Each structure stands twice: as C-alpha cells, then as structure tokens.
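One chain, subunit A, appears in both complexes that follow, with subunit B as partner in the first and subunit C in the second.
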Partner chain A sequence: MATVRLENLTKKYGENTVLDGISLEIPEGTLVSLLGPSGCGKTTTLRLIAGFEQADGGDIYIDNQRVNDIKVHQRNIGMVFQSYALFPHMTVWDNVAYGLKQRKLSKKEIDSRVKDVLKLVQLEGYEARKPKQLSGGQQQRVALARALVIQPKILLLDESLSALDKKLRVEMQVELRRILDASGITALFVTHDQEEALTLSDYIVVMDRGTIVQVGKPYEVYEAPKNRFVASFLGKSNFFEGVIKEKNDIVIILETSFGEMPLATSSPREVGEAALYSIRPEKIKLEATDKNSAAESISGVVKFVTYAGNISSYTIDCNGLQVIAESQNAVGEFQFKEGDLVFLCWEPQFCLLMEDEVKK
Partner chain B sequence: MKKSGIISKAFVIFALIYLYTPIVVLMVMSFNSSRYNQMPFDFSFKWYQDLFQNNVLIQAAINSIWIAAVTGVICVILATLLVLGSQALSGRLKNSVQTFMLMPLTIPWLIIGLSILLMIRALDFEKNLFFVLAGHTVISLPYSVLVLQARMQSMDPALEEASASLGANVMTTFRRITLPVLAPAMVAGGFLSFMISFDNFVLSYFLMPSGFSTLPIEIQSSIKFGFTPEINAVSTIIIGISLLCLAIVGLIMGSSIKSLFGKKEV
Partner chain C sequence: MKSKKQWLTAPGLLVLLVFAVAPLFIMLYYSFLSDSGAGFTLDNYKVFFQKSFYLSLTWSTIKNSIYVTLISLIIAYPLAYIMAKKLKGIKNIILILIIIPFFTNQLVRVYSWLIFLQDGGIFDAFLNSVSIIEGSLSLLYTRKAVIIGLVHAFFPYMVITIYLALEKVDNALLEASSSLGATKLETFRRITLPLSRPGILSGILLVFVPCLGTFVEPRILGGVNGTVIGTVIEDQFFEIYGWNFGASIAFILLAMVLISMNVLNYLGREK
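== the complex of A and B ==
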C-alpha cells in the first residue's frame, strides 16, 4: 500500500505534448480511475508511473520517494495489461510465480503465496494450464493474480476489462472490486468506459487532451460536472447557452439563440452575463401542465420516444433546441407520445452552471 | 454457389496436377527396375540398393548435409541477432536495415556466386569451404530473417514489459521470455535455411574446391555422364526428408502461433 503523487508531469512525443503538466495525489488504499477519450494521456500517465516511459518534466513520487530514475524492474509495481500479456510458454502457476522467483524467495514461500493468490482469484485447479487453454475472464484473473502476488506498492490496470464481452465485464468489475478490497491495495485504473469508472472507483480523474479536467468521487463528478466536456463525456447532458436576461433566487431567464428560456436554477452569474447551463436527462420531469410554481417552465413538443427497456428517452423540440429527457418505465406505459405538448420541470439544484467560457 | 464451387475445386486440382506430376513420376520411377524408365512398371528396390553402394553419391550427400546444417545454424544465430538488433532501431533506419537484410532474395544466385568467385580471385585466395559456407549463408539468411521477423512482429511487446514490471532485469527477460517465445521461429527458420542450402547447386558449383562435391552437383554431373535411376532414388529420399522438415516446421510454428494468440474459448 502506498500513496502516489504526480507533480507537474509532462510527456512529449516530438512536437506532440501528450501530458501537459498534470498533478495528482492518489491516497493509500484507494481505487482511482483515469477516464477520458483516446489520446487524452491516461495510458501515458500509467506507463510513466510504471516506468515504461520517461517523463520530459515533473516528478513521480511513490510513498514520498521520487521514482523517476528507478528502473521498471526495481519499482515494485504490479501491472495488468490490456492484452493481459500472459507468458504463452508458461503454465498458470509459472506465470504467477514468475515475479516471486525474481525476488529469490524460498520455494516454500513461493508455493504458499501462489496458492493463496490463486485462491483469491478463484483459479484453484488451473495451475497446470497454459494461457491459451483459459477463457478471457480466466486469463484476466491470472494476469491480476500475477500482478498482485508480488505485493506491489501500487497496482496499475490498463483497460484491463475492455477485451471481455459485456456480461463478463460486469461480472469481472464486481470480482475485481472484491479482490482489490480484500488486498487493500492502492490501484490506478485506466478506462474509456464511463460506466466502469463509475461502478469501480473511489475517485474518478477525468482527463482531456493531456490535462486533468476534474477529480472527484463518482457521484460528485457525475452530479456536479465542471464543464461541458465532463458533462457530456460522463453520461449525457442537455446544454443551454445564452445571456442572462432576468434572474431571481430560483429562476433565470436565459436569452438563447432559440429564444428566451426560463431555467429553474440559482445562478451566481449576474444579469447581462453569458453562461452555459447543463441538466442531466433523468433529472427532467415531463408534465402535461406547467407545475412550476415560481415561473413558467420550458415547454416543447415530443419528437421521438425511444424505448430502452428500463427507461424511455424523449427527444423534445423546444423552439428548435433538442432536449433529451429520460423517465423510468415504472408504470409500464408511455407517459407521452410523439406530438404531445410537454412542460420540462426540474429541481433548481440540478440545473448546473458550467465553467466554460461563453461568448456573448 | 454450387457451380462456382465446382469450378474452383477443378482449378485447384488442375494446379496441383500441374505442380506435382513430374515429382510423382520421378518418385514412382525410382521403384521401377527398368534402367531407362520404361514401361511396363516392375516394382523393385534395385536402385535404392545400388544407391547405398554408390560411395560417391553418399559422400556427396554427407557433404551436403553438413554444409546445410552449419549454414542453418549460422543463419539462425545471425538472423536472431539482426532481428533483435533492428528492433531497437527506430523509423527510417529500421526500415532500411530490414530492406538490406532481405536484399539477397532479389539478387540471382548466379550473380551472387559469380561475384563471390571474382572476389576470391581478386583477393588471390584459393577456393575453400569457408567461402562455400559464406556463400550459402548469404542466400539462406533472408529465409531465417523472414520467419523470425514475422514472429517478432506478432509478439506482444507487453510480454517484455510484464516481465520487467514483475522484477526481471533485461537479461532475465531476454532469457526467460523473449528467447523462449522466439524459439519455435528459430527452429523453423533454421530448417528453412537448411533446405535452401541443401538444395543449392549454383553457388556450390561456383565455389566448391576441387575434389569436393555436394549432392546437387553430383546429380547434375550424373545427368551429363549417363543417367541412372539411382538419381530418382536419391531424389525421392530428399523429397521425403524435405516433407519431414516441412511437417516439423509446420507443427512447431502452428502450435506456437496458436499458443501466442490463444483461441479464446468462451
């Protein structure tokens, strides 16, 4: 167990800056995921911590020790690769024991530790198999066991579940969480799958174009995204952009390119300022009549209804602006159909001011 | 679908007949007692018995085998070093090195043989076995390189990284991971180079010191000075050995390729 601290970490490939001075602290024993689109620098961050690549600037500390100049094989870091990278010519047992043999442990010690870790990942009885004789999920667990058995200071996982099909992936997420909790290890997880990040991690680090955009607990990042990028990358969001025309404590009137829109929100911005607001589709409640007491709500016409089993998604045309609202199919029948006039209501705290610069 | 199926099958059968009829004739005739390959066919092992009493042919075969074996070993070692070394290079340099390694494939053996012969003369050396081996290595090396390069490219670079992250230094990673993963390709490449060298007539003809002969040279001269079906017999044996080598290569590469990519059973 260890803390990891990145200070002003920078990495360039030629002219191309892939990491632009990121700083991050990963507390002991937590599972942190780096989330972002491809090319955001998340895998580079992981490879820098592992020592596969050298930073062009900044420092990496593990337990307050600067590790920039320590070679990979001396860093004591466990890594689970996207391809698993199991040694094809070795059995499961030899794969897992490999790291322990490098540490010159006694045969007895190696035997008991390999046995324990295979029990942890529930692969007892598979010791003599070669990797090719295992299923994807089993290979993944061997890779995890091989990385855990050396009792690394931190565990790095590079898109480790993305090669599995969806059902198995969800099972492995639960399994991974159980195994990591049992070993109490500090882990850093790279993923582009927002659902995976939300369900697995203690903290999510959202990255974009070589910088960290937002760090927080899953519900914080989801419920209070900082800007348009986070709000649209993690889940779905509706955006309202314009100039504030009138405001009181619970409603503002926003002058947008689609006309004036009354938004239930309490905004720190003053009248006359430009601003961008977002609201999650599931926070919008559709009503046949205006239920907002303080002021009128936005109204629109239902354009499409998409049935997705547990939820229905409504695309509503509000004077040209497409707004998406989702509702639970708890009652088992569609609330509204295409062509209906609806009012969009929500609690003021769900309509969020984004930090993006907005031109007037 | 049915119709095109029949046509494509017919095409394949035609191609196979075209390719292999002469070889099949040769193999069948090695069991025919007639000296002039005449019909009716009369089965006998006569030519095989004669062959094993023909000391010239046997000595030539032994020469061919050891030259090919030494060439094969040299080629595997060189090819492994070249492929591993070129891996460390980047971009343009890597490409040009790879091109140069495969270049001998595009130069006719006749010209390679002639140029080595001219070089020996120019440097005022006698023809000797060292130059025979050197020449055979030049023409056989690209085949080992090709096989090893293919294996190197299909090898997951994360394997070496995984080894390092588990605490193994560069030497241990090479010894315990890289080399074992490459090993099947080394064996396969070695066999291929062996076959190329064993089969080669042109270079041996140019470079062989007098009083020394290989099987291809003996076969060629026996055609000149009176053909006997012993040649059919020895050719049949060579084909048998070739097929065996090929089967071994296929077996090694096949299973190792599978073990690398592992058909994922779900």
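== the complex of A and C ==
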C-alpha cells in the first residue's frame, strides 16, 4: 500500500507531446481509473509509473520517494497487462511464483504465498495448467494473482478487462473489486470504458490529449461534468449553446442558433454573456402539457423512439436542435410516439453550465 | 466436390513419385547389388562399417557439421535478437543482406571464398596491411576453410528461424518479467531464451542436416583435407563408378539425417 504522486509529468515522442505536465495524487488504498479516448495519454502515464518509459519532465513519487531513476525490476510494482502477458511456457503455478522466485524467497514461503493468492482469485486446482488451457477470465485472474503475490506497493491495470466479452467483463469487475478490497492495495486502472470506470473506481481521472480534465468520485464526475468533453465522453449529454438574453433565479432565456430557448437553470453568467449548458438525457422528463410552473419549457416533436429494453430513448426535434431524452420503461409501454408534441421538463440543478469558452 | 478437388494433388504427387520416390528406390536397389553381378548382398554396407577409414570419416563429417552449427548459432542468435527486439527500420536491410547468399550461385559463392582465402589472397593481404599477421594464414585447403564456407552458406537459415521465433515473443512478456523483479539477464534466461527454443532447434536442423551431406564446399575449399561423406559419395559415382557402394553410403547418410531429425524433434516436443 502506498500513495502515488505525479508532479508535472511530461512525455514526448519526437515532436508529439503525449503527456503535457500532469499532476495527480492517488491516496493510499484507493482504486483510481484513468479514463479517456485512445491517445489521451492514460497508458503512457501507467507505463511511466511502471518504469517502462522514461519521463521527459516531472517527477513520480511512490510513498514520497522519487522513483524516476529506479529501474523497473526494483520498483516493486504489480502490473496486469491488457494481453495479460502470461508466460506461455510456464504453468499457472510457475507464472504466479515467478516474481517470488526473483525475490529469492524460500520454497516454503513461495508455496504458501502462491497457494494463498490462488485461493484469493479462486483458481485452486488449476496450478498445473498452461495459460492456453484457461479461459479469458481465468487468464485474467492468473495475471492478477501474479501481480498481487509480490505484494507490490501499487497495482497497475492496463485495460485489463477489455478483452473479455460483456457478461464476463461485468462479472470480473465485481470480482476485481472484491479482490482489491480484500488486499487493500492502491490501484491505478486504465480504461476507455466509462461504465467500467464508474462501477469500479473510488476516483475517476478523465484525460484528454495529454492533460487531466477532471478528477472526482464517479458520481461527482458524472453528475457535474466540467465541460463538453467530460459531459459527452462520460455518458451522454444534450448541449445548449448561445447568448443569455434574460435570466432570473431558476430560468434563463438562451439565444441559440435554433432560436430562443428557455432553460430551467440558475446560472452565474450575466445577461449578454455566451454560455454552454448541458443536461443528461435521463434528467429530462417528457410531458404532454407544460408542467413547469415557473416558466414555459422547451417544446418539440418526437422524431424517433428507440426501445432498449430497460429504457426508451426519445429523439426530439426542438426547432431544429435534436435533444435526446431517456425514460425508464416502468409501465411497460411507450409514453409517446413519433410525431407527438412534448414538453421537456427538468429540475434546474440538472442543467449545468460548462466551463468551455463559447464564442458569441 | 471434395473428391474432385483431391485430384488436383495428382500432378504434384506424380512428379514426386517419378522424380523423387522412384529414384530413391532404384538407389536402394543398387545399394544391395553385388559388384560382381552375383545378385543381392549386404557387403556394400558391411564394408562401410568394417573399415575404420569410413567410420573416422563419418565422425569427422559429424564433427564438421557440429562446428558449423555451433558457430552459426553463436553468430546468428545475437544478430537475430538485435533485429527482432532492438531495431526497427534498418532491420529489413539487414534481413536482405542475410538472404543474399541464398540468391547467389553456390559455385560463385564458394569460388569467392577460394580467392579470398588463398595464400596471399585478399584476407591475408588485409591482415598483413593492419599488421595482425605476417605472411599467410594458409587457410585454404584446410578444414577451417571448409567450415568458414559452410557457415557462410547455412547461417542465414539459423538467423531467420531464430528471428521469426523471437519476433513472436510479445514485448509485454519481457515487461511483465521485469515488473515482477527480474533483471534483464534473468528475463533473457527464463523468458526470451526458452520461448525462442523452437527457432533454435529448427535452425539447428536446417544447418546441421544439409551440412552432413554437402560436398561442394569441402571439395573446393578443403581439397584433400576436405574429405567428408558427401565427397566420398560423389567420388564413388563420378570417379570410381562404384555405384553400388556409393548408394549404400548415401543410405547410411540418409539414416544419419533421419536420426538427427528425430533427436531434434524429440528435443523440440512440447513438454
């Protein structure tokens, strides 16, 4: 268990800046996800912490010790690779014992630790198998056991669940959380799967083009995205962009390229300023009549209805702007059909001001 | 449909039967013929095993092949390793340079070595000019010259098989090994080397086996010191016209080849 601190970490490949001075502190015993699209620098961050790559600037501290110049094999870091990287010529037992043998532990100690960790990942009885005789989920657990058994200061996981099919992935997420909680280890998890990040992590770090955009607990980042990138990368969002024409405590009138739109929100921006607002599809309630008492609501015509089992998704044409609203299929039938006139209602606190610069 | 497609193998099979399998059986037939024309005999085989000359010849042929194989391995492994794991763009150029001996005519290649190695030849001149030696190394017409020529001819096979095996070793495995606390040397010993073993074994097979039967390099570069089984077989057929005895030696050679292939297969089997 350890804390990890990154200070102004920079990495360049030739002209290309992959990491642009990121700083981050990972508290002891937490699971932190690095989330972002490919090329955002999340894997590079992981590889720098592991020591596979050298930083061009900035420092990496593990337990307040600067590790930039410590070689990979001396860093005591557990890594679970995307491909698992199990040694194909060794049995499950030998794979897991590999790191302990490198540490020149006694045979007795190795035996008992390998046994314990295989029990933790529920792979007792598979000791003599070769990796290719295991299923994807089992291989993943061997990789995890191999990384955990050396009792690393920190565990790094590189897209470690992405190779599994959806059902197995969800099972493994729960399993992973159980194993990590049981071992109490500090873990850093790289993923591009937002659902995985939301369900697994204590904290989410959203990255984009080599910088950290937002850090927070999963519900904080989801419920209060800072800008358009976070709002659209983590979940779905509807955006309203324009100049504020009128405002009071709970509603503003936004002059957009699709005409004037009344938005239920309380905004710190003043009349005359340009602004970008977002609202999550599931926060929008569709009504046949305007239920908003304080001011009129945006109205539109239902263009498409998409049925997705537990929810239905409505695409609504509001004077040319496409807005998506989702509702639970609690009553077992569609609320509205294509062509219906609907009013879009929501609680003012769900309509969020984005930090993006908006041109007038 | 399936049976129709199977007929497509007929021309290939026919060629093999007529030009490879049938001659082999004719040779086998010859190897049991008596020189005096008195029917079948085992004498051709007995002579080989009774005369110490042929046994020591066999041993020196095997020794030659072992030397060539070992030297090829020692040269080829680091080269293949660097190409597979350290180089990017330039490795294709190196690969082409390695393959060039395949494209050159065997005689051209061997006679170049003749010019290169002869007394006062280019090699001697070079060593003299940088004052490493004085006079001549007198390499030509020795076993060393034969081995040099054979290494040049066969080590590309070794490089390519090892290179292909190493190329398949996922770099993540090496990273995993070092993240688990292994030094570079340990990673090489316990991950890279075992995983490249199939490449090493097929390289050994591809160098050792043809070396056993070769006769061009030994004849031209070795002269009288270059006598090996291959040259003896050639002499039997083209100089002495001892076809029956020549055929029997050829089959003994074939047996040696099959035995060494089986040994290598045994070593290379999956544990």
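As a working rule, the second predicted complex is superposed on the first by the 360 of 360 C-alpha atoms of A that agree within 3 Å, B and C clash if a C-alpha of one lies under 4 Å from a C-alpha of the other, contacts with A are read in each partner's own complex, and residues count from 1 in each chain.
Here, a residue touches a chain if its C-beta (ideal position, glycine included) is under 8 Å from a C-beta of that chain, and two chains touch if they have at least 3 such contacts.
These numbers come from a predicted model, not from an experiment.
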| item | value |
| --- | --- |
| Clash-or-fit label for the pair subunit B, subunit C on subunit A | clash |
| First, second, both or neither for A:89, with subunit B first and subunit C second | both |
| Subunit B versus subunit C as contact partner of A:131, first or second or both or neither | first |
| Which superposed partner A:102 touches (first subunit B, second subunit C, both, neither) | both |
| Contact breadth on subunit A, by residue count: subunit C or subunit B | B |
| Which superposed partner A:73 touches (first subunit B, second subunit C, both, neither) | both |
| Overlap of the subunit B and subunit C footprints on subunit A, listed as residue numbers | 50-52, 71-79, 81-83, 85-89, 98-99, 102-103, 146-147, 150 |
| Residue ranges of subunit C in contact with subunit A within the complex | 170, 172-173, 175-183, 186, 190-191, 194-195 |
| In the complex, subunit A residues that touch subunit C | 50-52, 71-79, 81-83, 85-89, 98-99, 102-103, 146-147, 150 |
| Subunit B-touching residues of subunit A, taken from the complex the two chains share | 50-52, 71-79, 81-83, 85-89, 98-99, 102-103, 130-136, 139, 146-147, 150, 165 |
| Touching residues (chain side subunit B, partner subunit A) in the complex | 156, 158-159, 161-169, 172, 176-177, 180-181, 256, 258-266 |
